[in-house]
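All chains are identified by letter, namely A, B, C and D, in their written order; residue positions are counted from 1 within each chain.
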Amino acid sequence: MVRVTVAGAAGYIGGELLRLLLGHPEIEVVGAVSSRFPGRRIDGVHPNLRSATDLSFCATEDVPESDAVFLALPHRVAMTQIEQWTQRSKLVIDLTGDFRLDDTAVYERYYDEEHQAPHLLDEFTPGLPELYRDQLRTADLISVPGCMATAGVLALYPLVAHDLIDPEQGAQFDARTGSSGSGATAGPANLHAERSGAMRVFAPTRHRHEAEISRHLGLSAAMTATGVEAVRGAQSLCHATLREGVDEQQVRRAFRRQYSAEPFVRVVAHQRGIHRYPDPKILLGSNFCDVGFAVDADTGRLTTIAALDNLVKGGAGNALQCLNIRLGLPETLGLSFPGLHPL
Amino acid sequence: MVRVTVAGAAGYIGGELLRLLLGHPEIEVVGAVSSRFPGRRIDGVHPNLRSATDLSFCATEDVPESDAVFLALPHRVAMTQIEQWTQRSKLVIDLTGDFRLDDTAVYERYYDEEHQAPHLLDEFTPGLPELYRDQLRTADLISVPGCMATAGVLALYPLVAHDLIDPEQGAQFDARTGSSGSGATAGPANLHAERSGAMRVFAPTRHRHEAEISRHLGLSAAMTATGVEAVRGAQSLCHATLREGVDEQQVRRAFRRQYSAEPFVRVVAHQRGIHRYPDPKILLGSNFCDVGFAVDADTGRLTTIAALDNLVKGGAGNALQCLNIRLGLPETLGLSFPGLHPL
Amino acid sequence: MVRVTVAGAAGYIGGELLRLLLGHPEIEVVGAVSSRFPGRRIDGVHPNLRSATDLSFCATEDVPESDAVFLALPHRVAMTQIEQWTQRSKLVIDLTGDFRLDDTAVYERYYDEEHQAPHLLDEFTPGLPELYRDQLRTADLISVPGCMATAGVLALYPLVAHDLIDPEQGAQFDARTGSSGSGATAGPANLHAERSGAMRVFAPTRHRHEAEISRHLGLSAAMTATGVEAVRGAQSLCHATLREGVDEQQVRRAFRRQYSAEPFVRVVAHQRGIHRYPDPKILLGSNFCDVGFAVDADTGRLTTIAALDNLVKGGAGNALQCLNIRLGLPETLGLSFPGLHPL
Amino acid sequence: MVRVTVAGAAGYIGGELLRLLLGHPEIEVVGAVSSRFPGRRIDGVHPNLRSATDLSFCATEDVPESDAVFLALPHRVAMTQIEQWTQRSKLVIDLTGDFRLDDTAVYERYYDEEHQAPHLLDEFTPGLPELYRDQLRTADLISVPGCMATAGVLALYPLVAHDLIDPEQGAQFDARTGSSGSGATAGPANLHAERSGAMRVFAPTRHRHEAEISRHLGLSAAMTATGVEAVRGAQSLCHATLREGVDEQQVRRAFRRQYSAEPFVRVVAHQRGIHRYPDPKILLGSNFCDVGFAVDADTGRLTTIAALDNLVKGGAGNALQCLNIRLGLPETLGLSFPGLHPL
């Protein structure tokens, strides 16, 4: 059994990691660190894990030796604690924003502060199997992308890889997301009465995930982010310009080729019905990212769409997929929940 | 113009009072007290009041002389501040739980602490026009009931008044409510991700509003309270035992007689359709309390139902109705918004 | 592999059966019958099953020989088709209301029509493992209870079994439920704009599940049912009278004893926190039924609470649990999904 | 009193018209036409109007002479019935899509069918006071824009009017909307269980409102439309390219100048807080359209945002505002409801 620790285990991403890890046949959870609730039973905080575990949260100093550590910490904490975690575990998978960018200048522009461990930025492999699977097989430091970055990148990557769009033109992303992305310690802005039913534009320009999309796609991304009524789920609509002469069939073929072998990316292309385009509603709890597209033949305008569960493919599930790859296990192990309909 | 001050004006009940008072043709708002946001513009906290007012919140010591003061304060604060408010205004309308019960022993059983102004308990008139209209015409101290108490009392009162149920048998109330009742300063339990979609039993026994219902109906009430997915709205289902031989027609007649002249209580008795029984969904923003009932002819079991907006008829609107009565104004003045459908 | 057919496979219960059966290691789905969508791909109707199956719906006459058939049909259809299904499969598990009552008079009182196969009412074993596990091991005809009946029965059964309440006094159940219970072919009353945010009392008296509760508990149940804002989930609050002298400790002990060995019933008894009482919110997709209780020591009033996912423990999951029992498989096989938090 | 008839009065826009007209001091509702419910009481269909009216729906042939008629009919019906309505009333205000475009070729491209009254397209004045107020003072045929068109146009118009963006570059609109826009007779796609919690891209390209935006702004608009979890509300994010050298201050000044005298457009420009950008959540029931913007100074990218209640400023309220203008009444008469917070 692979011995795994989760740091930041009382948060929403931490809880989702625990859910997935406790159900994984090859993994044993040996530590669940929480600075807020040391000593408290895990299922007191994550009530869905009642009867799934008798473990309690522990303090960082009580973490046993581990084969792998997941950092589901607040942003900025991971980079200040990184040394202590690399000493405790050869393999570290970070889910914060701290190591998602490989350029300190870009980091500082988007995070408005100095990076605390700039020498490590190049050491982390992006935790995005669809783009970096080979590197992940041997990576000891992995940084899982932001949920809306993963959606945005997967929405457009086939067209970049097949050179169907003009990267010079950049791309516009409109992302929508549920409230769980704000975490279990969110403030008054996330009070139910304030957040319920909202369409809250929280980043009309320059969301941090924009920088990740630009990095991975190699083009200039502009992204807006809006909180809509949902707890889980993220969706990104992408607008880009097809190269002259590219038609819908080429777009379809690029998506099909790029993702036909991917275990967790599904190309959605129905002609009719309610579910013609990707919607996170049917993906909650699952590790799938659904992608789709539409071309306006008259104008050549392209819209691509990606949807995922921000806590799973946008976080904990994606991280576990990376661990499976790194350990040489079947990539889908422990990640087979298909989602619920209706929900 | 009647000069009115709202204490606790940054809360949800406070904001609803401001909305109603700013739209009232005979009232001028002269003070909006907030200890959290003194000096800040009102519409920064209550964004629906943009362009409706340029006022800012003030501190208690800056309150001008007023004809009436509404106390939309946290529980326990009203009873400690009551002297200072009665000195500033002859007429005080309290919306907290502090003066809703007239018996210190009952107060202490339900609130688990000693009352700070027990000599005043008898001085307050209950702010429930349907039962106490005559007293309200001359009352200088008014205590508005809890939202689920108002719903519960109005659901059963006609049957008590017409002596159709056996008060010895008591009555069981099952109340459901939205999240706004927890107020604008609610804690982590009211985080959107935790509260959204919940069916949270927060009082399986002995909710405080139970004591109010018992008081006003003169019977032993048992009440449960559950938070359901909604921001506004409260609904109470009441189960009581009809006296031997009482039939559905007598029940209907009692409801009709009791409420036919009431401007804000509507008896809902449709044979078909979606809206056969009271539902807060169509009442949001309005001062109506809809009531309905069903009798199982085979068993003689009775269920009555009341629905209202917890911040309006369950709070601010009811308080303004009391003020209109006290001032000899038309009872519906400033309270004519009918609610929205669909919403 | 056990060969299984689902009739009514395009409905919500049918879809949930398919999700569970497709993930079950010992079962092969050989037929998915839909009269509405014969020939259409299953994942066109149940989009969460994309990549989980390539099957299409078939017509009844094309159903292959099966070891077991689940009937997820509209009420009244099962009893008219029952002969044809018993001819195709030795084992029939019915999820409609048609065979839930064992008394034609009671059936007719609650369903307002004549039963079409009264001779079979006694042949069906109730599909409620917690009460009828031994009979289920050999039953060839199984009738799964209604979702609110299962919640209601499990909420009170330990106290009945340990003789702690007075059955003469009856019990009152207040049930709340999401919209998926109305099914995939629901009418205008279930339009999103009408149903969203509702607290819709659809049965103030005499809900059909009331009759099932009375049957299984051997007492007179009165039940109300209210639709609240949720797609999945059912919760029942039960009010009963403890026998003289029974205290909270005895109640707790009865719950613990009754359910300690049950794989899918959890007794929730926290002193603090958000999750003190059962809430379907954390159970969606899972086969758990959480139960809890509260006693008002002063008055002896008892409230018990049960929560479950109406499509899983309230339907498809419960049915699969019965099949596992009947086949001698581990009872939890294919039913291990723990639910999501937050959701 | 002005005598007014509503055709299509049983729909959601029709109900909202009735709510507003019944509360208008200078208007008498003389006819409420419904082909589905002739003879049925209005408040049986619009339960929020209980006690506000005793009127019943009538058939078209029973409509009395009217000073003005509102057509809240299904698309395509207005253009086939238009002659009969212009015979019954000098003033006709159409809320369908039938007369929103002034070019039959564009109409046919977006609506996929031939127009039935092309000779009238030029006769209708767009019901958008912020752009066409002067023409509306004398217009006898008025066509109210689509909800997302109104939001999109108001979001960008100041920059077009002040020549701050390059119209050659076009503009991209990302619109989100609640379920009530689908109307009271929506089909299975709008079943609560399917629509709840969805992020449903129903128009990834070429939504019909796109053509209206292009017409009114004189540029090439591209628009996507997504249904999100809400009953009411529409929001549009607009992306356009500022002319070289235009800075945030010029943008702000353009918004302020354009809308400072508008009674129902508010420029939202807070530096902090939850409500920095327009959100329909606080506008439900009100006739306000809130607009805001953000400029990324580094890249010159511009995002503008508009929010409104699709049934009010996006429909019935906007139509009444037009009628007030046409009749020379105060423009805000009957439209003063400020919206609710929280809701």
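To be clear about the criterion, contacts are C-beta pairs under 8 Å (C-beta built on N, C-alpha and C of every residue); 3 or more make two chains touch, one makes a residue touch a chain.
If you want to know which protein each chain is, UniProt gives these names: A, B, C, D = N-acetyl-gamma-glutamyl-phosphate reductase.
The model shown is predicted, which means the values in this text are computed figures rather than measured ones.
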item: C-D or B-D, whichever has more C-beta pairs in contact; value: B-D
item: Identity of the chain that, by mean CA position, is farthest from chain D; value: C
item: Chain centre separation (chain B, chain D; CA means) in Å; value: 35
item: Length of the line joining the C-alpha centres of chain C and chain D, rounded to whole Å; value: 45
item: Overlap residues in chain A, where contacts from two or more other chains coincide; value: 12, 180, 188, 193-194, 196-197, 231, 342-343
item: Residues of chain A touching chain B in the complex; value: 12, 178-180, 182, 184-186, 188, 190-197, 231
item: For the chain B and chain D complex, residues of the former touching the latter; value: 12, 15-16, 19, 22-23, 44, 46-52, 180, 184, 231-232, 266, 268, 270, 273, 275, 282-286, 288, 290, 336-343
item: Contacting residues of chain A [partner chain D, same complex]; value: 109, 172, 174, 176, 188-189, 193-194, 196-201, 204-206, 220, 222, 224, 226, 228-230, 233, 235, 237, 239, 274, 276-281, 292-296, 298-299, 301, 303, 305, 307, 342-343
